[in-house]
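Below you'll find the structure I mean.
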Amino acid sequence: MIIEALIAVTFVSALVVFVAPRQHAGELAAVLSLLPVVGSLYMWSQFDATGNALLGGSIAFETQFTWLTLGGLDLNWYVGVDGISLPLVVLTTILTTLAIVSAWTPITSRQSQFYGLMLFMEANLLGVFTALDFFVWFIFWEAVLVPMYFLIGVWGGPRRKYAAIKFFVYTNIASLVMFIGFIALVFGLGDSVSSLGLPEISQALRAGELGGYGALDAATLKLVAFVAMFLGFAVKVPVAPLHTWLPDAHVEAPTPVSVMLAGVLLKMGTYALLRFNFTMMPDVAQALVVPIAVIAVVSVIYGAILALAQQDLKRIVAYSSVSSMGYVILGLVAYTTYGVGGATFQMVAHGLISGLMFMAVGVIYNTTHTRMVGDMSGMADRMPVTSGIFVAGAFGYMGLPLMAGFAAEFFIFQGSFQSTVHDAMPLFTAAAMFGIVIVAGYLLFAMQRTLFGPFRFDGDYEVTEAAFHDVAPLAVLLVLVIALGVAPDIFFEMIQQAVNPILETGGGV
Amino acid sequence: MSATVLLQSGGGGGNDPVLLPETIANLLGLSGIVGDIVGGLIGAFLIANIMLAMTAVAGPWAKRKITAAFTDRIAVNRIGPFGLLIIVADAVRLLSKELIVPEGVDRPAWDLGPLIVPFSALLGFAVIPMGSGIQLADPETGVVFAFAASSIASLGLVMCGYASNNKYSLLGGLRAVAQNIAYEIPLIVTAASVIIFTGTLRPSEVVAVQAEPLLTVAGVTIPQWFAFVNPFAFALFMLANLAEIGRNPFDIPEAPTEIVAGYQTEYSSVYFVLIYLGEFIHIFLGGALVALLFLGGPAGPVLPGIVWFIIKIWAFFLFTQWARSAIPRLRIDQLIEVGWKGMLVLSFANLVLTAIIVGVIA
Amino acid sequence: MSDWIAIGALGLVGVGIPLGMMAVSALLRPTVPEQGKSATYESGEVPTGTARVQFNIQYYMVALLFLVFDIETVLLFPWTVIYRSALAQGASLTQVLLPMLVFIGILVVGLVWAWRNGAIRWVKSPLANRRKTERQT
Amino acid sequence: MVPPQYYLLLSAAMFCIGLFGILTRRNALLLLMSVELMLNAANINLVAFSFVWGNVTGQTFALFTMALAAAEVAIGLGIVLVLYRNFDGVDVTEATTMRW
Amino acid sequence: MSASALALQSTLPNWAATAPALILALTGLVLLLIDSIHTAREGVSNAVLAGVSAAGSLLAFAVAGWFLVAGTGQPATGGAISLYGDAIVVDGMSLFFTLIFTVVAAMVSVASYDYLEAQTTRGEYYSLVMFAATGMTLMSMANSLATVFVSLELASLPSFALVAFLKTDRGSIEAGLKYFLIGALSSAVFVFGISLVYAATGSLLLAEIASSIGDTQMIGVLGIGVLMLVGGFSYKTASVPFHFWAPEAYEGAPAPISAFLSSASKAAGFAVAFRVFLVAFPLGQLPAGLDWVLVFQILAVVTMTLGNFAAATQENVKRMLAYSSIGHAGYALIGLAALSVGGPNADVLGASMAHLMVYGFMNTGAFLFIAMVERWGVGRTFEDYNGLATRAPMACVAMTVFMFSLAGLPPFGGFLSKYALFYSAIEAGFWWLAAFGAINSTLSLFYYSRVVKAMWIEDPKEGLELDTSPVGLYTAVIFAAVGTLLLLPAFAPVIETAQTVAAALF
């Protein structure tokens, strides 16, 4: 019941914060958000699952009871975690707390609503990563959008309305497409499943119990469903060319929201891809390996090149996220322990690192009120601590050894080189590795222009070192990034345990 | 009398009275639909003329005589014996007067109103059993029909009132309607309390039920006239009937001292005659209804039915004339309050009590 | 059907006689049109304004009330007709009497409400006067 | 006996006259009258077929229809009254404070 | 459960099954009496009136709920209870719909407490609401075309008066007039349809009609009659082709009344349509040319599409909601449109009923929020709603819940009910109905989110101040919001009950 408790506590916290006086909402939210952190860490310490939640094996903290029955299908309240979801749960709780703290400075209006929404979003994110019933999962999945819409729309930058609507429409349509795809699958499965539980459906799918529905035969149905779901998730990830909402959302969103968006919300897409497309229908995934890999590589390269062309620091980080997510797709489609595991690891690592980067940009922005590369230089003189952490984070992004990013990208490349799903996989890997070079290029370029060199600032603001509560989250994140880089096994072991069943029955390696 | 009988109008039981049209048709040797139509027309003409004759006597002559008697005066006495020929004189005088059409009248309605008033009153007589086999029709729903027919008159009155383009007329017409509708419900509800006893709406049967003996006092059998059975209802009905036909104390639609003559202010010549005629026929229709529902219809000892019938309706006429001379007129607000707060409540109480008593006794 | 034929005949006669009288009168009476005669009669005064004046709202109120109660009698009569024979055939009072009592009771509640709200009070109520002043202030 | 089709034709004609009135008139009171006409067209059917089928259902229902028609008119007149007060007329097309 | 239910059936007389309707009617009469007892109008406490009517509705709600739980009128306890010569039948479906009417009536009563503060006549308002609710309850129980018509009028007539209740407000009068005229027209059409059905079958009882449609000689007459019945229902449910009164009536009427009409009245229309068409014209026994399912399929698609497209073009929030309520009528029509011989009919119908239940909460809440905004005197267009959330966050949270729930977004009750509806339609083989529904739902998100956007994201106008926080309206709105939220986790009993009671109709 700890998962329910976690979600419930977060919901209640959200409500409490929502009605709290706005002067103290930030502190209150931060304190309350420590509860889920403690809870998730406790879960981590007690974690004992060995298998994949969808494909059998033990599931940790599993609870299930019947919710309602519709048309012969049970909709159950069904939650539990395995090695794939637990790291994401931990990531969510920690990142939320840090984002809340980092919001103290930039958020100056309607605070109680802001923090209430942040906690509300966290609760739903926890639901997304722990739900094992499609319906429960989908409800949480959609529920994440609502607070995000408000967070961007209310507290965002000048074009916040446009960005919020664009985000909302894109992701909602994507959800609908995905939903239809999945429901089509369920109809195709017919009587061979009795509930919408994800384990039952994935096992039935992998056992080949899919029948045709209507005019579609089983194979076509599966393909259509796979494509529909892939498209639906791909918007969320996002991969090129479905990424256009992301830069707008990032640029307009306030820093803490960008942190959550890049750090956790993007992972929802990759997590769902892994859970749904790649776990349930490995045969289709492997049949489509070339297009998927192409998409991944294009995302990597295209995102990186776009980032290179940006002047806005936040946009740079945003596009680089597109690039990073490309690696995740590549790792997933490789169907090797290291590939899929690395992809999962990359989700966590990128969550931390991009959070760090956005926060650092945010701290600079809080002081300078600009994010344009050309507007400033030599920030390291006035803001040494921030700049230092920024640089360290960027190195993490570039994949510097002993940082989490290095471990993740290493796993992914190793996995995709080993991959046997297609002869051309090494080629794709090589192409994707080229992306690292570009990443290094643009990050170094941007840092060099903004942080180093003689101090120059065109604005009217006093540039000083940021407050302690602004820098502290950065430091915590840096520590975590380095910790994961030094000892990836903290997570990677459990990830591998959860990933292996996917490969065994799917017949990848 | 189960509900299904309602269906077959005129289907009838064995003791159907022979109706006037049938008698006439038999006399003429006609049968079938031709007999129905010819007999009906002749019968209708006959009945209409009886009524017109009585009205002619009542309007120009009897009314004046009675009023004069109440006020200790001598009324018309110059023309003919007892001044009876005044009837002819008045008829000729009024018919040959110029018809003045005032400015701004709504002509179709102005012309139609005087037609409707006597029409409605005459139509009501179609179902009244007058004794001695004089009854034009005896439908299943006769009693309701009589009420329905008589209330068409208010339509005529309001037409007259509105069309005249005269404030007195307008007020008179409106008052007529307000009064009619205020007292129609007590009237009908009280009638309903009689129907509880009869269990039928067919006039001949209503009469037949009243022929049954109520009790015998010293060898004299008193029939079950509802005036005896339910005197309270009788009193209510008489009162409501007075208002319905617009006689004192309920004559505010005309109220000569307030609004000249109400809806008939602007009428002259034959139109005036028609309205006047209609009012008097209406009085007799009211009397006929009282007789039908409360006084055993045309029944009575010794004399033939038609005579008793005429006695009864003349008695009612005399009653109205007595009321006219004896009782002051109500104001409109008093009238409405008496109607809605007094009569309506009393009539419902009467109905409910009657139903309960009948239910408990039965 | 002969009942209704006869009634129709009386209807015809009822229209025919007045029409006949009109015809006779039309033959007999003179026609001398003149301005003064056709003026609207207002007790000898010069007529003022149109006759299509707004009249007291109470006329409407009474008419609406009438509509309700009059139609109620439509439902009353069938009941009165069968009431005794139903009792004679063994129907219980609760079956025959009670529903009508409930029906009338509901109507009475309506009447009481209308009564208390001045629907049948001809003279303007103090309440109405007060409301009028309230509206003006 | 008159064949039932005739009743149907009569009632249909009456219904159509009422409908025509509804569609062409602009006076609220005339609209009310047209509606009455349509309701009474139904009553013709009900009473006629009550006779044809030999049960009283139709007749009884006709009574209810009348009662409800009257209630409807009562409400309608009330609305027409306030319409007159607020729009100085009983032309239904005058009332256009809202977009159609 | 069945033991207590049996006890209930044996201890209470059969007519007691109509208790919810009786309670509502009595409440209405009591309200009139309370209003009559006080001579001075100030003496009639608004709170007392609102309280009595809310208490009456809640009591009726409780009784209906108790009956439903105890199984009154359901197969487990001996099947539907038919009363008064089969003219009225109390079964699970009627009790289920009664729950909707009563809870909406209660919310409307509470909300009206504030809305009526400035009015001098209040007693009649509340009692009219109660009488309308009585009529709706009877509609759900009607088992004969006669009772159908009478109860339909009983529900309609008070509604006409309520819509035109603001006697000096031109909008209200106009709304009342239009509502009344269309209502009178459609009731004439409806009763003519009834007379034609009677002409063809010789009965008004639904069951007897069903048994005689097989051998009627007058298929054409019957067909026209059925079509006219559809017309009457479409008026009551505000669906095509008699939908065009809805925007005017909802916009002009006092907002609590709009809520009442668009939720409860609509549901009542569906209740009666379900029973009439399923009992009197059962699928599989229909003669050729009487295929009403096809009619409803067309109407459903046209209604939802038209409602949604029209809603998307509105500038006035109340009007937008009015059109969206037409759209929702289209969704609910799927309950009749996706039926087929041998299909999962009970699932389809039950899903539609469950949707109406959820809709009762979310739509009532939305209109009551508008009532609150009207009371604030803010204005009616989307722009006027700008920045409301900065002044009244709790109410705006509630409104956001309603909007997203109406759009069918997941974390709210509307999502599950729509899902159940579309799912059952697909299950029945009418995937294209579900597709239309889904597309329309997606479209609807556009205009619903405009409200949300205005409230939360747009900047408030200069000097936007909300002077009052009306207690009754707040209570009702929050209640509706909590209901909408709770219907997500608590959807199971709703849909299961709905599908169970729906199954009894086939």
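The letters A, B, C, D and E name the chains in turn, as written, and every chain counts its residues from 1.
Throughout what follows, contacts are C-beta pairs under 8 Å (C-beta built on N, C-alpha and C of every residue); 3 or more make two chains touch, one makes a residue touch a chain.
What you see is a predicted model, and the numbers here were worked out from it, not measured in a lab.
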Those chains which touch subunit B and also touch subunit A: none
Intersection of contact partners for subunit C and subunit E: D
Excluding subunit E, groups that stay connected where the other chains sit: A | B, C, D
Distance-maximising chain from subunit B - centres being C-alpha averages: A
Chain whose averaged C-alpha position falls nearest the assembly-wide average: E
Of all other chains, the one whose Cα centre sits farthest from subunit D: A
Busiest interface, counted in C-beta pairs: B-C
Centroid spacing, where centroids are CA-atom means, of subunit A and subunit E in whole angstrom: 43
Distance from the mean Cα position of subunit E to that of subunit B, given in whole angstrom: 51
Interchain centroid distance [CA atoms averaged], subunit A/subunit D, Å: 66
Where subunit C and subunit D are represented by their mean Cα positions, the distance between them in whole Å: 20
Residues of subunit B engaged with two or more neighbouring chains: 3, 6
Residues of subunit E that touch subunit A when the two form their complex: 344, 347, 351, 389-390, 393-394, 397, 400, 404, 409-411, 415, 419-420, 423-424, 426-427, 431, 438, 442, 445, 449, 452-453, 456-458, 488-489, 491-492, 495-496
In the complex with subunit C, residue positions of subunit D that touch it: 60, 63-64, 66-67, 70-71, 73-74, 77-78, 81
List of subunit E residues in touch with subunit C within their complex: 29, 32-33, 35-37, 39-41, 120, 123-124
Subunit A - residues contacting subunit E, complex: 18-19, 66-71, 110, 113, 124, 138-143, 145-146, 149-150, 153-154, 160-161, 164-165, 168-169, 172-173, 176, 180, 183, 187, 214
Parts of subunit D lying in touch with subunit E, wherever the complex brings them together: 4, 8, 11, 15, 18, 22, 28, 31-32, 35, 38-39, 41-46, 48-49, 52-53, 55, 57-58, 60-61, 64-65, 68, 71-72, 75-76, 78-80, 82-83, 85-87, 92, 95-98, 100
